[in-house]
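Below are two complexes that have subunit A in common, paired first with subunit B and then with subunit C.
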Partner chain A sequence: MAETKSLIGTQNKKGQTYTDPWYMLNEAPRTPSFFTGSEVIKEAIRRASCDIMIAYPITPQSEAAALIGELFAEGYVGDYFRGESEFAVMSQCAGASFGGARVFTTTAGPGTMRAMENFPMWAGARLPIQMIVTCRGINSPLSIQPDTLEISYLLNTGMMVWHAETAQDFFDWILKGFIVAEEPDVHLPLALCCDGFFVTHTKDVVQLTPADMCLPPYDPYRSPVPCMDMECPPVRMMRDPFVMKSNYISYATHASWQQEVWAAVERSRKHAIHWLNGLIDAENTDADIMIVASGTAVSQGREAIRMLEDEGVRCGLVKIKTLRPWPTDEIREATKHAKHIFVPEFNVTGWLAKEIRATIPDHHRVYAGPHVCGGMTMPPEIIVSEIKTALGMKTFSLAGRGS
Partner chain B sequence: MSKERIKISEALYDIMPTDYQDLVKSATYGKEDRGWKDIGTAKELIEQHSLCAGCPESMAFRYIMASLPNPEDTVMVGSTGCTSLVFPMVAVHNIHSLFGNQNAIASGLKRALSVRFPGRIKDVVVLAGDGATVDIGLDMTLQSWFRQEKFTTICFDNELYANTGGQESGLMQKGFVAKMAPVGKQFEKVRLPEIARESGCHYVVQCTVSKPSLVEKVVKNAVYVAREIGPTYLQLYTPCILEIGKNSMEGLQEMRDSEKPTERFAYKEFVSEPAKQLLAEIAAKEKERKAAAKQLTGQAQA
Partner chain C sequence: MSTYRVLPGPEHFLPPAAASMGIRLPNPGEAHIHGVIVPEEQAYEEAARQFLMAKVPTIFPGPLVLWAWNEKAAKKATAVRHLFETLKECVQPGQKPMLIPMPDYRPKYPKINPEIEINPNHPNLTIWHNKIDCCMFVGVHCHQANLSLKIIRGGTSCYTIAMCAQAGHEDAMLSFRDASVDKIMKLAETIKRLKGTVEPRLSAAKSH
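Up next, the complex of A and B:
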């Protein structure tokens, strides 16, 4: 059986020291670097003691997936290959995870949709795979531009779903994501989402942890379900296979296991609060007007708040970091004084606004918007305009929108 | 894993299920010359199954489980269908995840085991029906062969979708009338053995499971070649007696009829040059081992 005692303080074959994750991420010195989001993904995986990465080209994650290939060539990742489609890649990730490996992959938009059948299977099989989703539009019509609609399809898969705002979030959350996902009482896959291009293809200053420190390796024997490596004695698992049986015990087995998967999402809450310093960040929660958002819509909201302040309108901000687990109590608390809640989103359906409406009392306070989609940017001016219009304030005219 | 790993605490012995006690006492994990002849004298690695009475697939399952050369370090990958009714009763780790993705699962699994256990033998064997292998999963079947993934793919070819009630499949014979082929299947049985050869498989056999000794031989060869060289493929005729209108006791005869030299399941074999060499080496070693054993027996008697 593989070694299960602590490896902290020892070195891997690349000379990196397996480091206590809390020390590495919260106390170790950081170095500022000017990187694209894709390069940041590479730098996080360099430090993640990843066993296997499986890649497939789709814009806008192709660069990150290829950069991790370079890491493999340098010896930082145990194995790496290009699969034949996202459906196959996500199954290959599952196979590797069933076999006890720490597994990482990336996808986007149509790829997420093609692979969809795998995600509830990952969660049901309790595979702590980390998947980066660099959100882009979903066909039709064809679009390669940023759009967060695909996240809404992930919300009911049983995966944890986190939504990063910046490249810095991304760097930290990739590493923290493995830690939370692999907790024995969680042991679930994580979809770590960001808005494609805005995060992946723009450069930003990111504070990196030392390159000679890395996470301790994954220990598959802390899993709540058997690792499929024939290192533990096999048993005949059930008297009758419950698949396709029409009897009460088969329904009860399936039902209780689904409930357990969602209970595991729930149990990830305390770990996510610990590692992400809360499931939301909130500012000025005593303001009458609140902007509640996730991803890069938070950045645009922050800029809109600054513009409104110049005009004497005070507005607070909630940045939602985790969508699953959903920060119910946190959002209720942060919005309890708000008379008006605006939810800017990069998608056509406004799924985040729906989630918030379903969570808070007096949901008529929620304004679902502004929305942009299909790759349009969201200038802070349109958030300002949306807020002022809703409040009956005079606003400037935006081209093409009328007012 | 070795057989030493399978032990039961004495305090718990009497409450363990009988079949688990039997696994500990008399299963053939680690037995060097294990094979189909152990059936009936040793604990099989497949417990009672829930297939139809007389189903040739159940025979195939028993022969394969008896023949795996290294079950204590073999992980199997299945797919949805009748096989997924059996796998829960199999005493090696096995994975069911989705329908048709078995060769993708096996690709990731084999690579993970190679990363985690360098220098140790960890065999991976896929066992799925013809719908999973040839229709919905064909892309992943072929791509794993193109990539030269080192595991064995076994297809239980019953020439239709049995578990869903007898619908047309790609491996069905042309002209056969079935659900979803109301006027008879319009195109020929897909020639997957030939496609397997062209796709890079190093050992390909098509046969029926009428002879357990043959199943043992081809399963062992396929696993050895996959372990050392690259992908291997076995296509085994396991007729669905229910869907072709046969009785429980007629499965064996159906296979014997279909394996005649002029019939569609006549024995077919492709072996690559490196695989030929490997199998010759293994056969030579086996001969040596048997001779040595014979000599030892002779000495003991003398």
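Up next, the complex of A and C:
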């Protein structure tokens, strides 16, 4: 069993060089490219030394899944197939990960919901699978349009949950996600979310790392649970049974097991801070008004701030990068001077505002909105309007043209 | 910085995972004692002191050193055996060092034999039965070690040490990281050096 570190500097079968991840992602030259988010997923996976990708079509991730099929045909991904359903895909991902593979998959909306049973299982089994979630509507009537409600269902699975704003975030975080997820003290699945269509189907300039560099392969022997290597004695005990007999001590064991999964989410904090340069980005934290958001709501918030500045209203911004681990201390610190905190969201329930209210003192400062959902866009003007209304300033209505 | 400290129990019906209380793992070259990051050198001294003070100092080797599944594991197993022999040589009359394996992780029903093994699902049974007041985990997969360490902290007063080959364990009272043959041998050397300088405890661990 070769150790991962010893492979750095050697080449894979495609002639890519296994490269120190820190050098590859922070120091190696970058090339600007004009890509859709789906194409960016493909480019990240080209460099990720993935052993397997399992796919199932569902909008808006289908294009990315198909593009990775091309990578498989080119020889950059070890194996690739289509599952029978999202539930099957996530179960098959578990099997591959149990077997010691670096596993990648993509899903969206109802697909995420259909596969939900697998996610706490992945976390409980400490499987460092990376799943891209290109968020879309989940409720009836059917909508394939952007909506982030599905993220709220992922928050208590024991997975790490990160929320990308841009295609550049996506490219970098896919690669960094494997590194954090595979740390032995973490070793958890990652749901890397983005807002469907807004990120997946729009083109943006993305700075790519050299295509002839790739991540070192996954080393399953650093796993905190036995690696399923049928040739080595520790595997003869296999994995622990997930169903234990009912008596007091097995309850205590299961309780400790759950605590250990969440302890691992906590441990990911240190690594995520290191690789993502903090769990949040914050600007103008001395302002009375703050916008706190994740995903593309950050971009809309940024534009709203520019518009407000034109009117002499100063406003700060917090971009939340990781939802699990949740940046409690960072949000408290960044909002400590704020008198008004606005949380624009692309979902009907305002789950992010609820999380923030539960985090900070004086939570009456939090305005849960504006909200849009079901595929509606969020013009920055409605954020401006929400803020001005709360401040008692005269504003305009975007509701219609009137009579 | 967290004010929580990882101390011998019995702590609680269901004690929290130390990580959830803000305890952070050491970086390379460091260790932690009770959740406080310290230089590794300090941890050798404290681990040796705890072993020499204990009435029943015990090593729990896990699957990663119980099988010669690679060359490194075999060498580590030899080092663990050396550590145990050193411990036996260095304790005083009335102290009873033990070496009890954790051969696998499956729950044992209807009941394990606590005289011959420890199991991560009910490690307290082995601790209670043998009145173990200081133990060291080595070669146990991290997830299973954390389960055990937390259950031990919850229900016993045993002092726990982790000689972890990866990033360490917050749920132990004292944890090394990046364990190697050299580190295990160094702990044995430290025990030898401190022989006769540490007063053993008069009583063993509380049973409940």
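As a convention for this text, the second predicted complex is superposed on the first by the 384 of 403 C-alpha atoms of A that agree within 3 Å, B and C clash if a C-alpha of one lies under 4 Å from a C-alpha of the other, contacts with A are read in each partner's own complex, and residues count from 1 in each chain.
Rule of thumb we're sticking to: contacts are C-beta pairs under 8 Å (C-beta built on N, C-alpha and C of every residue); 3 or more make two chains touch, one makes a residue touch a chain.
Being a predicted model, the structure only gives us computed values, none of them experimental.
Novice: Quick check for you: in the superposed arrangement, does A:Asp310 touch first (subunit B), second (subunit C), both or neither?
Specialist: After superposition on chain A, A:Asp310 lies in contact with neither partner.
Novice: Once the shared chain is lined up, is A:Asp51 touching subunit B (first), subunit C (second), both, or neither of them?
Specialist: first
Novice: When the two structures are overlaid on chain A, which partner does A:Pro226 contact: first (subunit B), second (subunit C), both, or neither?
Specialist: Both partners, subunit B and subunit C.
Novice: In the superposed arrangement, which partner chain does A:Lys270 touch: subunit B (first), subunit C (second), both, or neither?
Specialist: Second partner only.
Novice: Once chain A of both complexes is superposed, is A:Glu260 in touch with subunit B (first), subunit C (second), both, or neither?
Specialist: The answer is second: A:Glu260 touches subunit C but not subunit B.
Novice: Examine A:Ser85 and indicate which partner it touches, taking first as subunit B and second as subunit C; both and neither are also allowed.
Specialist: So A:Ser85 only meets subunit B here.
Novice: Share the list of subunit A residues that count as touching for subunit B in one structure and for subunit C in the other.
Specialist: Shared contact residues on subunit A (touching subunit B in one complex, subunit C in the other): 226, 232-234, 237, 240-241, 244.
Novice: Would you pull the subunit C residues touching subunit A in the complex into a rising list?
Specialist: Within the complex, subunit C contacts subunit A at residues 14, 16-20, 24-25, 63-64, 67-70, 103-107, 109, 120-122, 141-144, 146-147, 150-151, 154, 166-168, 170-171.
Novice: In the complex, go through subunit B and note every residue touching subunit A.
Specialist: Spelled out, the residues of subunit B in touch with subunit A are 1, 5-6, 17, 19-20, 47, 50, 72-75, 77, 80, 84-98, 101, 104-117, 122, 139-140, 143, 147, 163.
Novice: Applying the document's contact rule, which stretches of subunit A touch subunit B when the two form their complex?
Specialist: 2, 51-52, 54, 78-79, 81, 83-85, 87-89, 91-101, 103, 117-118, 121, 125, 226, 228-238, 240-241, 243-244
Novice: Touching residues of subunit A toward subunit C in the complex: what are they?
Specialist: 1, 126, 183-185, 187, 222-226, 232-234, 237, 240-241, 244-245, 249-250, 252-253, 255-257, 259-260, 262-264, 266-267, 270
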